[in-house]
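Order of writing sets the chain letters: A, B, C, D, E and F. Residues in each chain are counted from 1.
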Amino acid sequence: MFMHNKRLMYTVRVAEPNPVLANMMLEQFGGADGELAAAMRYFTQGLAEDDPGRKDMLLDIATEELSHLEIIGSIVAMLNKGAKGRLAEGVDAEADALVMLNAGGDSHITHLLYGGGPTLANSAGVPFSGAYVDSRGEPTVDLRSNIAAEARAKIVYERLINITDDAGIKDALTFLMTREVAHQKSFEKALYSIENNFPPGKLPGHPDFTDKFYDMSQGEGDMRGPWNEGEQWEFVDDRDDQAAVDGGDGSASVKMPAKDAKAVKAAAARAASDSALNPITGADLGAGPGAGKTTPLSP
Amino acid sequence: MFMHNKRLMYTVRVAEPNPVLANMMLEQFGGADGELAAAMRYFTQGLAEDDPGRKDMLLDIATEELSHLEIIGSIVAMLNKGAKGRLAEGVDAEADALVMLNAGGDSHITHLLYGGGPTLANSAGVPFSGAYVDSRGEPTVDLRSNIAAEARAKIVYERLINITDDAGIKDALTFLMTREVAHQKSFEKALYSIENNFPPGKLPGHPDFTDKFYDMSQGEGDMRGPWNEGEQWEFVDDRDDQAAVDGGDGSASVKMPAKDAKAVKAAAARAASDSALNPITGADLGAGPGAGKTTPLSP
Amino acid sequence: MFMHNKRLMYTVRVAEPNPVLANMMLEQFGGADGELAAAMRYFTQGLAEDDPGRKDMLLDIATEELSHLEIIGSIVAMLNKGAKGRLAEGVDAEADALVMLNAGGDSHITHLLYGGGPTLANSAGVPFSGAYVDSRGEPTVDLRSNIAAEARAKIVYERLINITDDAGIKDALTFLMTREVAHQKSFEKALYSIENNFPPGKLPGHPDFTDKFYDMSQGEGDMRGPWNEGEQWEFVDDRDDQAAVDGGDGSASVKMPAKDAKAVKAAAARAASDSALNPITGADLGAGPGAGKTTPLSP
Amino acid sequence: MFMHNKRLMYTVRVAEPNPVLANMMLEQFGGADGELAAAMRYFTQGLAEDDPGRKDMLLDIATEELSHLEIIGSIVAMLNKGAKGRLAEGVDAEADALVMLNAGGDSHITHLLYGGGPTLANSAGVPFSGAYVDSRGEPTVDLRSNIAAEARAKIVYERLINITDDAGIKDALTFLMTREVAHQKSFEKALYSIENNFPPGKLPGHPDFTDKFYDMSQGEGDMRGPWNEGEQWEFVDDRDDQAAVDGGDGSASVKMPAKDAKAVKAAAARAASDSALNPITGADLGAGPGAGKTTPLSP
Amino acid sequence: MFMHNKRLMYTVRVAEPNPVLANMMLEQFGGADGELAAAMRYFTQGLAEDDPGRKDMLLDIATEELSHLEIIGSIVAMLNKGAKGRLAEGVDAEADALVMLNAGGDSHITHLLYGGGPTLANSAGVPFSGAYVDSRGEPTVDLRSNIAAEARAKIVYERLINITDDAGIKDALTFLMTREVAHQKSFEKALYSIENNFPPGKLPGHPDFTDKFYDMSQGEGDMRGPWNEGEQWEFVDDRDDQAAVDGGDGSASVKMPAKDAKAVKAAAARAASDSALNPITGADLGAGPGAGKTTPLSP
Amino acid sequence: MFMHNKRLMYTVRVAEPNPVLANMMLEQFGGADGELAAAMRYFTQGLAEDDPGRKDMLLDIATEELSHLEIIGSIVAMLNKGAKGRLAEGVDAEADALVMLNAGGDSHITHLLYGGGPTLANSAGVPFSGAYVDSRGEPTVDLRSNIAAEARAKIVYERLINITDDAGIKDALTFLMTREVAHQKSFEKALYSIENNFPPGKLPGHPDFTDKFYDMSQGEGDMRGPWNEGEQWEFVDDRDDQAAVDGGDGSASVKMPAKDAKAVKAAAARAASDSALNPITGADLGAGPGAGKTTPLSP
């Protein structure tokens, strides 16, 4: 059960309204790496988790992310408050109001459609998608996804800090950014607390293909490094050794019942291409002046 | 700030695993009228609300909806638990496993992709969209949207109850459904606590068009009722009185600077249609045997 | 069957081209509360409606909304006409053309991709979504959704009017805004023409939970009002009375067949967390200089 | 202005309810090639069209497609009517109701969420997207898109006819399918009525690259045909002649101001990869038993 | 199997960084008519194609489009390189950085979220959608869709050229634009190499409806042209002849089993509208001062 | 530049058609963790990468993933081939055809809409989204995302293997699964080749908040582990120490110019809630028989 305390986890002090900056902040409210995505990521994992320690950790962090969502949402609300009030009351000349909404980012939709509130969209106005939450129900997978998600959130906060000169906002963003670092550390600890966490899942890989590195991109700029060099790797750069690595002919085939085969054949015949003739085409008709246009419509 | 208590708001007792039913339940987890949509609807409104009473109410109900999200998510997790474990461990014959995932709904994607956890998608596997939250930042609008959203959530719960014969789930769903009724009542009280809540916003309507009802659909089945009859209404069924109601000619026009007008004219000339000639077309070429196909490609 | 009369329902007179304003207007063409959403909302409800009076009303209003779609689309077309022609003919210097498209809103995509026509997207370029239409097939629900949708559309028109100083556009928008008010009135009449329209649907709520208000958000700012006070309400603010309100233990459980239980246990064991050891993690490796980096790759 | 006549353009006679078939029919209601997409495609083009003949044609066909939308929507409503009523009244045992909704397709969401009405989604429950409408505001482009769209709609109707044995539905679908053929013919005539309709737009192609065919896929199965053979084509199959066809070195470069260059260099240095050392990685830690796990957490 | 050569198909020389222009270029990277959509369109068709000539052609062109994707992506990367480095290193004053990101288009999201790389989104920040690829698995349909797609891509490139004054970019865009023209020609040849390619598919249209043109939009502006005039057409403008063209009554009906009919009737009765009474509504309560507001909450 | 060799990277031998299984396989073609997402993830990173070693590695792996996309797409095409042909030729009785398409998964849409080809959608028919690619333009972030993405892809392949009893498909899937493991290893090596890769980005965290773990979820089930215990952590479980951790009052505030403040105040006053009165509401009207319904409409 969730409970709410009216005090924010971090005090929000905004120096002055700024709808453009508000719009940018939405990236961490309703964006791909934002706090809602984070909260829901850990919450959904926690509900389905059977390991008691991880379950507890996931619900702890999910709840904290909801509290972060409240902080960033409050920043948005404060930054938009002035423009929201002015548009609602119609106190500006129309042209001025258009300019105000159109000062940058996609703040126009934040105000025209969403009325200046924090909204489940990113800084381009794209609605939040449940697909941002990439939980897959296997702990050694999900913890890696969580680590990556925290890393992504950290860098987006860093960018927001780099475009903000409001000290109060900067402070709050720094707190939020720092917590992503702390959460990444927790998820790392949880991942490595699982013995044999690599490769993820239960099925082992096929030994013939685990240690090969296929050099698929060739030319000036080819390099070697620990990702394809050393005792862990077999480097395959011969093009012939890259194709049909199973030793077959590299074709695709299916055995079909007679009824299916007959229908497939009929369909192919119906749409067979006559590659020996050079047909006049629509483009041919359209490319030249008057080509084939002959009949006056009415006398 | 949010806090979490490990006890659910309502105890979840599931009688047996059922991945198909689990999939249906997702409608209220990650679906359009589900608990996440509800929680976020009131939370985002609450953050931007200036009226202290409404702000408190919105945060109260938002927090309760998060607790509901936890209940419905737990139901999903319990219903999926068996299939999740069996697929993870690969204990079934492959064909049986395929059948298990394919027993109905879209439970296949819940297990293949999401690993059996509650996920931010609806019963058809469509990811949750931030667009489900239709807050507009004007209280007399948002409260009406909230009333409608609660009504929608109520009816979806009713349908889920009608397809569930698991007593424990039925109990929990009935609790959740009932709370939607209670919330609707709260939002109604809040709406009518605002004097002059209709029409919403500040600008009045134009008196010439407020009371007219345009009978745009005509024929057998035409009816009258309080929505277009009585002293509040002027009924307009003459087709001529429905067009160009401003008294103009019903055309669309724009005054353009000369440079624009010239460019528009040039573009139109370039793509002008010659409506007097009957051209041979691609369809003409394609409709008959051999039409226009004349040149052998190679000797 | 639909028929079309070439006269608009309201004459559109645009004073001068303005691609930025055109882009804003898209909110009511292809946006969430726009005329297409409205028309399709009532049209889909009308097709499935059995009550003859409501069916007629829904088709009347759906048809009118299509006529409104034509008006707002014509405004967009007129506002964009100049920029469209200039870009098509390439009459501006390239840098000027870039500036023209980039003057604000998301008018760049309206011109680059959509070629200046009215398009099924909102002012941020997000494509229209069928999910905007939230019909649920139960009249007491859908009518409330319609009331809310008209309220939303009204306020968005009000905002557009507040940013427009073109008298002809202002007139047309005022007509459109006013009609939303009239439609809301019709839907209200239709809703209250249904006896016992609350709660929606057939199943009653559970009497234990209909009248409770759970005070989930607490702290400075707590308030009471008609939404949680008075004879209709029982106010629950004790945190213990908010958890496990069914009197159970607030846990989630499922009875599983032995085969399922065994698989679940095996999966849990495989990914069990060892919470007693403090593992070295990837973050540990990455945080310090040279930590664990020991082997030169090649001699 | 649109008007509505209560008679359908084609009488709909459904022999018996069938929610699964209803769900399939949604493909032509709210699907990618469905009637709404068609109607909106021509309607949006018509509003922005300056050529009077094409404008008239586009509005004629747009209006007819709306009338088709009504036909296919009515088919959906009739097929769903029984299941809708039964679920609303709860007349089936719960398990039977679950089976009824789960008989196939995605009819479960049509009933659980949409209440059995025709809805703006396709047969998989994916909401209609404005992106289905690919109008680009250039007639020689849009007419080709319209021709293609009609061809797509034709084939989807053909498939629906192939899975329907209800004679009344088959008749109506055949009517709808036939009209797509007729519309394709109209759009072909309109395209070829524009002199010099190929290539589309105003800018000519670069003569060096208009007639080349690059044989990018090589190996067993290589073939020639009129699409790359004959006097219109120069066939390029030497891999060296396919790369850097401008005669340059095939690299990508940008000239940056000093300040930019310095920042880019600093960023690269910060994240430089040391390719000479073979680091221990997280996967290394996770792959072996106990690797690097050394510290007991508490005494 | 795909292979990669580090040389680009066309050398990319960018004169100076320009994040706004970069953002516009995304239209052809991750946009609806962009190179990824094109590559995937032909690739998916090629995989399922049985005709050997067409299969080869589709894979040739798919591979070339991937090489074009690399060109346009490299242009984006070069244009963004400076801003990316500066934001990563935080070398600008915060306000300057905000201005830099906010100079136009949606370049703010390209940098805040995507870090300045080419990204699978269009110029408005809308993520690429698989629905852009409209392959339908019938060659006479898909080839028409391909022709249309090439035409759309051509015109979008033309517009990008019209807003670019960087000579190196202009050259590369001209190459890319020209190749769309060449591809359209190939697809035209392939289409007309199929005998009887019109109408698409196997089922013929119904002869009663193939040649009719329904004049659904009437009024000033009605015109005739080869699309509805001439020996191929029967023109139907009488409104009565447009409705119920099958000769029926134009209604929709379904025969239902008794159990269904009973449930439908019960549902209708429950929500029956009483059209004879004029109810007081919520809007009535809200429209006037104090209407019906009578009870003080607390003594 | 990309080149294509007609031999697949792994030979595809399918034992018999199976549209249901084909549909499941789409998860790795157009799904969130599928091969297109993988290829585009590395390709977009590679284009913007400045480090020569990583750039080479990213393009190598991107190209290999495209070759994997071809393998999984060929499996889909083979599995669907029979059903595709039968539906195209209409060789089954209609009811049989309906059953064939409706045998499970969402294979109905694969055939009705996409014509049986591999398509850019997942197993639930949801179109591929560019948002699946979460590149952020910072190597220490993107490499972590890549590691996680490979882990996710591995587990989805494992599940597909668990539901497949076709030996040829199982072989190919095992190859594909194994390659994800190998790629994860490469990305791990690349990540740890960057010295000081944690925390990502340039800005350090705030030391006050880096090592705290907030115990936000409390109650039965609380546990400790290396993620919140040990010398790296300070554990905060007092609720008061979790709120307003900056030492402020936990409120949100903004300083507004006088004009803004006045408008905000006016807007608040207009929508002020009168919390002392208990209004009659729409729900009150609707809840009881005849409440307030008084006026007969017509004499």
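Convention: a residue touches a chain if its C-beta (ideal position, glycine included) is under 8 Å from a C-beta of that chain, and two chains touch if they have at least 3 such contacts.
Owing to the predicted nature of the structure, the values given are computational and were not obtained by experimental measurement.
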Other chains in touch with both subunit A and subunit D: B, C, E, F
Comparison of E-F and D-E (more C-beta pairs in contact): D-E
Fitting subunit B to subunit D on CA atoms, where both chains share a sequence, rotation angle to nearest 5 degrees: 120
Approximate Å spacing (C-alpha centroids) for the pair subunit B, subunit E: 21
Subunit A-subunit F separation of Cα centroids, rounded to whole Å: 7
Subunit B: positions in contact with at least two other chains: 1-9, 32-33, 53-54, 59-60, 62-63, 67, 74, 77, 81, 84, 88-90, 106, 113, 115, 124-127, 129, 131, 136, 138, 140, 147, 155-156, 184-185, 188-195, 198-199, 201-203, 216-217, 221-226, 230, 239, 242-243, 250, 264, 267, 270, 273-275, 277-283, 285, 293, 295, 297-298
Pairwise touch network: line, ring, star, complete, or other: complete
Residue ranges of subunit F touching subunit D (in the complex, touch as defined): 1-7, 50-51, 53-54, 87, 90, 92-95, 97-98, 101-102, 106, 108-109, 111-113, 115, 124-127, 138-140, 147, 184-185, 188-195, 202, 225-226, 229-230
Subunit E - residues contacting subunit C, complex: 20-21, 23-24, 27, 31-33, 104-106, 122-126, 155-156, 159-160, 162-165, 216-222, 239, 242-243, 250, 264, 267-268, 270-275, 277-284, 295, 297-298
Residues on subunit B engaged by subunit E in the complex (per definition of touch): 140, 188, 191-192, 194-199, 223-226, 230, 273, 275, 277-279, 282-283, 285-290, 293
Subunit B-touching residues of subunit A, taken from the complex the two chains share: 1-9, 30, 36, 40, 43-45, 47-48, 59-60, 62-63, 66-67, 69-70, 73-74, 76-77, 80-81, 84, 88-90, 113-121, 127-131, 133, 135-138, 201-203, 274-282, 285, 292-298
